[in-house]
Structure formats: C-alpha cells, structure tokens
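What follows is subunit A paired twice: with subunit B in the first complex and subunit C in the second.
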Partner chain A sequence: MTTTAVTSAGIASEAPRSDFGRVLAQRERRFAAALLAPAFLALLATTTFPLLFLVYTSAFRMDLAMPFTNGFVGFENYQVLLSDERFWASLLVSLVYTGSTVALQVIIGLALALLVMDMKRGQGWFRVIAILPVVLSPAVVGMIWRTFMLAPEFGIVDFLAINAGLGSKNWLGDPTLAMVSVIAIHTWQWTPFAFMVLLASLASLPEDIYEAARLDRASAWQRFRRITLPLLRPAIVMVIIMRTMVALTAFAAIFTVTAGGPGTATEILNLYAYRKSFTELSIGYGSALAVALLIVTIIISGLLFAMRRAK
Partner chain B sequence: MPSFKPTRRTLLKTGTAAAAFATFAPAFLRQAAAQDADLAPYKSAQIDWQQVSGETITVAVIPASYFENLITLAPQFKALTGIDVRFEKIPPAQIRQKSVIDLTSKTGTYATHAADPMYYALYAANKWVEPLDTYLADKSLTDPAWFKLDDIIPAWRRANGIDGKLYGMPYDGEVTIQVYRKDLYDAKGLKPADTLEAYMSNAAALNTPNDRVWGAALRGVAGAGQNMYIYPSIFREFGGDWMKGGKLAVNGPEAEAALAWYVDVMKKYAPTAAANWNWPDIADAFSQGTVASYIDAHSSASVINNPEKSKVIGKVAYARWPKGPSGKRTTSIWNWGFPINSALPEKKRKATWLFIQWAASAETQARTAHKFAGPTKRSGVNRTSVWKDPDYIKLMNGFGENFVEVTMGALQEDTDVDWRPRVPQWPAIGDTMATAIQSALSGQATIKAALDDAQRRIEPMMRG
Partner chain C sequence: MSGQGQVSFRNIVKMHGEFAALKGVNFDIKPGEFFALLGPSGSGKSTTLRILAGLDAPTAGRVLIDDKDVTSTDARDRDIAMVFQSYALYPHMTVAENIAFPLEMAKLPKSEIAPAVKDAARKVKIDHLLDRKPGQLSGGQQQRCALARAIVRKARLFLLDEPLSNLDAKLRLETRAELKKLQRSLGVTAVYVTHDQEEAMTLADRMAVFMSGEIQQVGTPAEVFARPNSIDIAGFIGNPPMNLVPARYVDGDVIIAGHRLKTTATTAGERDVVVGLRPGALRLAEGGLGARVDLIEDLGDTAVLDLDCAGTMIRMRVADGNIPGEGDTISITARPQDIHLFDPATRRRL
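Entry: the complex of A and B
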C-alpha cells in the first residue's frame, strides 16, 4: 500500500513540470505494444485460436466415416459423453495415474533430496546422473521400457523378477501390472525433477533454525516435521501443481508402452480422445473429450492453487 | 622445389567444383541409368506416355524394400513420360492418418499413396478418390491389351473395389500362411496342420518352454492391422459372418469360438511376450529358433531367411492356413494399392494414372522383383504371370521348400473378400475389435463380455 502511494505521489509531482514526460511515456507504451504484437499474435494464432476451434468443433458431429451425418449438434456430444462408460473409465485411469505418480514423485524426490543433502562428496555427480531421465524424450523412454526392461522372458526387469524368485510376469499384458508399470515409468522419468527442485529449496533453508532446534534437543523426526516440511511447503506445492498438470496430459510414454492396453486398462483420457479423433475419425466427439480433459485439468489446478494460497 | 600452397582462391575453386560434382553427380548417374534402361517394353503400349509431360506429382509410400525398389526405377518413369515423381516415405503407423487428413482437407498433397485396402469404403463414401474404371476404359490413357488388368491378382482387385468398381490398383500384397520348423516337426513325426484343431495339438506337442521353444505365435499387440489382422481369418474359418442379415455383428457363438481358439493358442503355447508382438517380433523369435510355428504374412519369409540374423535357414517349410470348423481356409487379402486423389486437377490426375499404370505393369513388377539389380527382391508381386515366371519361382523358392506352391494356393483358393468388414466405419471398428481381442487375451474381460461390449460400442457407429 505504502509503495503505491509513494510512486503515484512521485508521478503527480513530476506531471505538471511538462507534458513532454507524458508524451514520452505514451510513446514508450506504443513502442512496447509494437514490440509485443508479433509474439502476442503468434501466441493467439497458435494457442488461443486452436483452443476456441476445439470448443467449436465439439459442438458438431464430424464423423469422417459417415460424412452425410455431419452437422451442428449443440451439446449432444457432451450428453453422449456423460453416459459413455469408457469416458468415465478413462477419467478414473487418468486420476489414478496422476494421483499415484505425483505422490510417488514427491515422496521419493524428497527422500532422495534429504539423502543427498547430507552427502559430503559426489553430490554433483549424483545430480548429473539423476537428471538424465528428465532430458530423454518420453517416447524414447517408452520404447526402452517396453523392449529392454519389461518384455517377459527377454527384458531386464523380468530377468530380475525371475532371479528374485517372483517368476516371469507379463508386465504389460496383465491389466493391473500394466498400470503399475506405466506409473513406475512415469515416476522413474520425472522424480529427478521433484528431486532437483526440493534439493535446491533444502539448500536454501537457514541453518540457524536447525541449530536452535538441536540446542532445544529436538529429534531428527521433530526437526523434519516441524521445520523442514513447513519451510519446504511452497516448493512441494509448486512441484505438485506442475507435475499434476503434466501427468493429466501425459501421452507419449503411455502411447508407446501400452497404447492404452491391455484392453483399456491404461487408457488415460488423453489417449481415449486421441483414439476417438484420429483412429476412429470421430473428430467432433474426440474434441468434446479433449474439452472435458481441459475442464478437469482446470478444476484440479484451480483447487491446487487455492490450496497453495490457503494458510 | 615448387610446393603447392593452397590460397583462398584455389580452395574456393576446388570447393565449388567438388560441390557442383556432389550436387549433379547423382543426377548424372540416375540419368545414365535411365538412358541405359530399355523403355521398349513400355513403348509397345498404344498410348502417348508423354501426354502430360512436365507435371510433378507426390507419392506417399511406406519405407519398405518393395517401394524402395520402385523409387530406384523412378528415373525410367521420368524418361518415359516426362513426369517428375517426388516420393515421401511415411511409416505404416502414420500413413493412414496422414493421407486421410490430406484427403479431407482436399489439399491434393499426395497424388496417390500406398493405401490400406480396408480404407476404400471410407474413401469411396466421401468421394475422396477416383473410381479407376474410367481411366481403364479411356483408350488414350490405357492400352488394355498391354496393361492386362486381368493378370493382376483377382483377390486383391476385389479387396480394393467397392460395388464392383476398382478404387486402388494393387501394387504389392501378401497372404497369410503357416510357417513351421520342418526339423522340429519331423523329429516328432508331425505334419503341418490341416485343421485349427491339429494346429493346436501340434503346438502342444512342440511346446517346451524349459528348452526355450514355444509351440506357436500369433500377432498379439492391439491394432486394426495387428491382432485384428489375424483374428478375422479365424473368425471366418469358424463360420463367422460380419454382416449377418445386413447388420454388422462382431459377437455371437462363432465369434466366441474363434476368439477362444485364439486366446487358447496364445495363452497356452505362445511366449508370454507375444501378447505384445507384431509380425516382426514373431519373425525375429522364429528366426532365433524359439518358436516352432506361426501363422502370418508370407512376406515375413525374408526375415526368417536373413543370413545375417537367422539361425533356422534351411529348416523352414510352409503350409496353407489350417481349415476351420466351417471347412474354409481364410487368408488375409492385404495389399498396398494406389488410388487417385480426386482433389487433383485433371492433368495431374492423368499423370497420376500414368504413374499407377507404370508401377502396376508387368514390366515394372518384374523389374522391381527378380530382375531388380539390388540385393532385396520383392515377394509380393501383383501379377499371376510373374508368379508363373520360372526365374521368379526359382528366386522365391530360396525361402524354403514349397513356398511358391503354398503362396499361390492361398492366393487362388483361400482368399475371401469379406475377410474383414468392408464398411466406411472400418477405422473405428478395427480399433474397437483390436481392444476387445486384447482385453480377452489379457483377462481384463471374459471372451463373451469383450465381444458383447465391442458389439455395444460398434452399433452406434453404424447408425447414421
């Protein structure tokens, strides 16, 4: 409050001096607008327009297999969607996938960060190695897991499972195991992100509080519960928000690993929308599904942001 | 002593010369190849090959040796017609989507593309491609006595036709056959299966996972071109009819029996991993000696006979599909055909037709197969006359005993135009069925539940 008062007072005192300043400021604004315009227009053309077009398309029946039935249908696609079992099933899969991958990423990432903080040597190396999965393309990660790691009889994970006495498992062919596998893959790839962010925030925590806590004979667990966690809260919430938005719209890794299979066991909403639009060629209904995913993502991130502001 | 001191100028000179050579050398070589090639067999056709000289067309193909061979011969086509052909290679997984997007938007990007026979119903319903009969009947464009349409494998022409009209000219195709390890079969005194029952019992007899040999393998991965490529044959052999009383039906007792047979073979006698396998994976496993038999495309023979990778060369033999309870054998009628994009202006359509006629002609088929200079020859030529050519037969029988006999037998007797439901909604139906088959295989749903669910999902797709 005080700062705004000061600046406006400053301007007010300068204004009468001449109109020149005002003209200059106006020119400045125009110049800024001109500089901004190309980027703004490009953004409008590449993001806002397609988004509006998607919403527009979702109000049509656009079925390439039966062009003679195409036309405006209003909310019919959404009515169909509400009674579409596969939509609800894929929404559930999406939520399970998102919830479990984000929780695992934060828990494992935090554990790793705490562990690495106490490392005296080799911290740099550990960070470099840990970041490697993040820089890989999800499609490549999917292919590697599908062929080298999870293939029954031939893959590394299955080899380990056999040697551990668990026996050969059909990792991607069994509905439950396939879900576990895609969650594990996503967690494997993206935990380093949470780890890096949390490690950076851990490093910035003030040491004196801990010292005071130690003098007060707080146990390690108490220090973690009462000091580390509350201080890390903003970072953790930020990680949760960012990872949730990405997990909800994940596509490439699941598409290459299971393509939603076996059956529809790992078919997230995104994948269902893709299949409806581009495999079944029902573009209108596919668009409605994409809009539904958009709404779900907005609601969930809205809730998370509200959570962040609360307290 | 005079020494060579490169200055900036000499460097520029030699550099430019080298660059010029690098740019033009391939063109020179291609031109030389084109001039060397004898165009007389083409010129005997009573048409003016040069009538739309100067046109440029783009053709989308998949990266496969049978198209690579054709691309190599393109300079000959240019010399013959004066038409430039630009080839775009698109992987099979994307070529359908890309061409559908091109056809809907009517941009005419691809004058023709390697088309999936199951898509002609969709193409024809939207009038995206031209019926070829007008081109075939036009005396200025086609010399029927030279082109000999009847020589092209009839099953593939039927597969690419809708209501008796041809929409795509078959270029290369395949049939599905049994491929088996002769040595393993002989050791147990087994004969290649004549019935689906016998196929199962053969697989049971040879299945010894502890020695890393499995009895059989079929395509397991979900997809209209994967598990929904092999299952339709079984469905038809069990007496299934896709269009029962004019209404598309994918469930029912025949479908349940067919899917049960498939799931049985896969669960009991195939490697667990086969649930995610497509044909290259099956052929790889077979060539490593871990699979005793599989049923898939005859063209996979080139993989299992690859001297660099295969451990089973000389131990392979072939047989036609085992008969189903209905007494029928049903093979795939898959082929890559070339349609003409309707969005093109007339001159380009003519140019496209000339290209298609050239590619599908007996001469080009031979020049891309046994007469091809490169190392990879084609196994899916489109003409009966080439299949009867002694040179071609000799080449093909290098894949193992009775290869040609079995392939021709399957082509002539086991083809079935209603192998898969030929309706415009096929992309959606194929995907739905693929998902259903996989959920039955993985145990996500029972066989009956999976098929009934597929039927429930397919019904609204068929309603206008």
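Entry: the complex of A and C
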C-alpha cells in the first residue's frame, strides 16, 4: 500500500509520487497510533503511573498520623530500610515462603502427574477435582483453612493430628506451625496448576522412546532421570517462573489466615509494606518497601529467565 | 556377540478384548538367522515382534529364547536390541549420547563407551554426526542412528520393526543392502518385520508369512515363492502376484476357460480347483489359451500384460522385444510344473 510502483513513468514523475507515498505512510502510522492510544493511555494510567508515583512517594516522608513531619527526604527511607531488621526478616520470610511453596508445587505436581498418567480410568474426573482449588479466590481459601481445616479441636487437620497421636496443635498461633500452615495452604491451592501443566507436557511425550529405553535396559528410575526429567525441563522451568512471581507477591491467603502473625512470623515483604502503609499509615516508608519488593522480584525473575535460556 | 539368539514361539495367543490379534503362533528361529515376519498390516507380525521383545505380554503360550522360558521376563532383562519404525531416538540427546545410552545403562566404564560408540557410528557411517541432535538429522541419518544404538550393545537378538518404511525409495534400496551386509558381518540373529514382500524376499534367510493372526507358511523366500501353500499366500507373494483362476481338474489336466493345460500337480479324481499361475511363468505359444490384451504396463525391460481370457483376468509378464499390442488376441500356455493347484474350499495347496 505505501510503496510506490515505479513503472514506465520515468524519473520526472517519481519524486511527487514517492512524496505521496510518504504522506500516505505517515497518515497510516498516525491512524495506527490513534487506534492504539486509548489502550496505551489506560495502561500508562493504571500501571506505569502508579509505579512511578510509588517510586516518587518513596522519596518522601508521608506519615498520615503525623502529617506535620511530611516532606522530601531523598534516600532516607532506603537508608532506614537497609538497617531495618523487620525488613530483612520479612524478606527472609518471603524467600522461604516462595522457595518452599514453589518447590513443593513442582515436586507434588510432578508426582501427581506421573501417577495420573498411569491411571487407566478416571483421569478426567481426577483432573476436574484437582483443578477446583485453583478456581477459588485466595481469600476464600484462607478462610476455609483458618476455620474448617486448622481450627484447634474442630478443624480437619487438627482432628487428624489428634487421632495420629500428635495432640491438638495451635496451628496458627505457633510461629513455626503458622509458617508451615501458610506454606501448606498456598501449596494446596496452587499445586493443581503445576499438575495440569506437567500432565499435559507428560502426555505429549512419545511412548516409543520409553519402550526403547526399556530395551536399552534402563530402570524405571533411570527412565525418569534420563528421559522424563530432561524432556519436561522447559515445562518445569515455566511453572517455576510463573509460580515464583505469584508467590513473591502473595497476599490474600496469608492476610486472611494469619495477617502476618503471630507477631511477624508469617509477615512476607508484601504484608510488611501493607502494614507499614495502611496500619501504621507511614505511606512513604511503605512505598520504599514496595519498591524493594519490586526490585527483588525483578532480580529473581531475571535469574529464572536466564536459567530458562541456558541449555 | 553371544553367538546365541535361538527363538521359539509356542502357541502364542494375543487377545485385545474379543479380538484375537494372534491365534496360536508357532515358529523357531535358528541362531544367526535373518528371519522375516511378513504380512499385510493387521496380520499380527508387529504384535509378534513386540511379544518377542517383551513390550507386550501374550495372553497364552510361551516364548523361549536360547531354550529359556522368557514369557514373563521384562523387556529389560531379555538382552534384545530393537530398531523401531519411528526410530524412537531420545530427542534431547546427541547422536553420541543416544548410541552410548544402552552402554551407560549396562554400567560400562566411560573409557570403553567412547570407542564403542565411535565404532558403531562408523559401521553405519554417521561418525561425522555424533554431536548433532536427532532433530537436526535427515530421516536416513536418524535411521542409521537407531541402527547404531541397536548394534552397539552386541545383544543376542536384533529386532527390526519396518525400519525402512519411512525412507524414500532410493535410500530404502541402498539401506536394505547395507542392512544385510551388517547382519552378516555381526553374525547376530535378526528378526525383521515388514509388509513389503520384496524386502523380505531379498533380506531374509527364512520368513514367516502372517495372515489374520496366523502363520500361513514358514520357509526360505525361494520355497515360499515356488510353493505357496495357500491361496492367500499365492495372492500376496510376487509382483504382480500369482494369477488365481477357478478351473476344473480332470485326471492330469486342468481346464481353464474351455482350454486344457497339462499339470504335474495331482489330486484325486475330477474336481473344482483354483489354478495358480505366476505371471512370469506364462509363455506365448501357438494353440494355447486364447486371450485378448486389455492393457500393457511397460516397465522398461519387461512388460506386464492384463489379459482377458473369456472373462477371466490374467496378468502375464513378458520380456522386452516381443510385446504384443493392446487389443491383440494372443495365445498363451504354461509348463506343467508351473501350474499350482489349490482347494477352493480349504484354500490350501493340493
């Protein structure tokens, strides 16, 4: 459309013709830009602007409880943050929470997928049932676990613990158990996702190479180590990337179950930023915490994507 | 090479639900033999190979390898190497890693694996491709890689499931000859599944012809070609296959379309028979069976004529030089020893 066809018109008529083409091309670009503009502006307004504003506010003291101290402070918030023990503690909680939930999701998801692949009947039902936790809202999942599963004496988990001779435990009151509980809840909700992705990937592996491996005298474990795992690697890395990004920024489930407690035992960085901003009303410092979380997330996903590209 | 590789199938039955894929199969393979399982698709030849490999279990019957009952032995423990129709190469491993895999599983030291891999790759002429992945190889190269992986192990039995069917015609002919040389030089027992009778005829020392889950005949290619023992085999072997013409047998003669032909084959008294005539055994001769030439398929050095003998279609192969024209009326005959007789009811040879 925008290129001009030079035929027998000669050089004389070529100049105005290509001018015409340039005008056309320009118009087309403008039209395309006009079509893109609304979506682009909406994106800018809802993602880029808040992010930039977040970085901006992190350079201010903005304390709603003591507004008279407000003002520009430069990097002071970040200096405070680096020597803030609660920040480092919450970062550690975030990393433990993310690392263990993602590892558990991949391991359990893969184990389930391998089991279900061998099921002769009922695969479809298993898939439907397995996917149910994923469709629930994390807040709802948190409520279900807090009341139905973990409540002392009445919850299913506590009931099982009592019957197993472990005795009733304060699942959400004990710092270690609370951490274990929130990790278990997240794993429970999101393992089906890993399971579904890995099952689809497993189902696409050709059967004949497993027969060849059997004739090559590979044991079941060797077939898994040498054939299944390497062939599933792209899917596993993808699951790790997607789940890590979500786990790092998890909020609703922990908020509804422990709200970061007891004390700060389950306070991930995200929750700390929230508490700082909206409970302690220190918006400036909360913003700095959120920026720190953003940086951590970017670094970790950068590493994961590098891992994906590597052989 | 273990120098063994004797195989016996004893009344092997394989059921898929109600359907009998194998209806009691018996055969013996001698050590060092190149044995072909030949048959049309769905005749049970691949099932037989998979049962021999231990990939499928028979519903009934016994499989013996070197006089040992291996019916319930896992594929891993049978010491069998196999080339799959799809090649079944490990896609994430290089050619070298693919070939080394069976040796690694056998826990051979690394110092022995590398030279063995090189040696196997050289035998099938892919030693320049060792660092490639299967996805970067052509079909023929993949096939060679699968061959190398199978021969590197020096297993006692070497199974090939239609290994040439995914190659183009020219490559198939080349590889066929190489395969035969390779098997001879290795001295290993080979079992070869194919639906291509030409492959079976050229490669095999002996072959078993499968028809709908049963073995119809076992013998050398020459025997099966010369004396097919049923109408089905007669109609399957040979290109074009044997003409099968309903006729009447009257003491030493067969009567086809009103014409008498002498035969050396004998049967009791006077009865209906099916006469088998190889297209290449028919001759042009005065005073023979009259026929009109319907169609000529010229193959260059020979031609195949479709003849109409009073309503019966007969195909005849003639050498270049004396090809009649389409529409001509000719007269044909056959030597008495070239006339095969079959029972139309039992479909067996008489």
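Rule of thumb we're sticking to: the second predicted complex is superposed on the first by the 277 of 311 C-alpha atoms of A that agree within 3 Å, B and C clash if a C-alpha of one lies under 4 Å from a C-alpha of the other, contacts with A are read in each partner's own complex, and residues count from 1 in each chain.
FYI, a residue touches a chain if its C-beta (ideal position, glycine included) is under 8 Å from a C-beta of that chain, and two chains touch if they have at least 3 such contacts.
Keep in mind the model is a prediction, meaning the values are calculated, not measured.
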| item | value |
| --- | --- |
| Fit or clash between subunit C and subunit B when superposed on subunit A | fit |
| Partner chain in contact with A:D19 - subunit B first, subunit C second, else both or neither | neither |
| Touched partner set for A:A259, first subunit B, second subunit C, both or neither | first |
| Touched partner set for A:F68, first subunit B, second subunit C, both or neither | first |
| Partner chain in contact with A:R217 - subunit B first, subunit C second, else both or neither | second |
| Touched partner set for A:P206, first subunit B, second subunit C, both or neither | second |
| First, second, both or neither for A:P230, with subunit B first and subunit C second | second |
| More subunit A residues in contact - subunit B or subunit C | B |
| Contacts of A:D118 with subunit B and subunit C, given as first, second, both or neither | neither |
| Distance of closest approach, subunit C and subunit B, by C-alpha atoms in Å | 50 |
| List of subunit A residues in touch with subunit B within their complex | 64-69, 86, 146, 151-154, 168, 170, 172-175, 178, 259-265, 275, 278-282 |
| Subunit C-facing residues of subunit A, complex | 206, 208-209, 211-219, 222, 226-227, 230-231 |
| Of all residues in subunit B, those that touch subunit A in their complex | 97, 100, 104, 122, 125-126, 220-224, 271-273, 275-276, 423-428, 431-432, 435-436, 438-445, 450, 457, 461, 464 |
| Parts of subunit C lying in touch with subunit A, wherever the complex brings them together | 53-55, 74-78, 80-82, 84, 86, 88-92, 101-102, 105-106, 149, 153 |
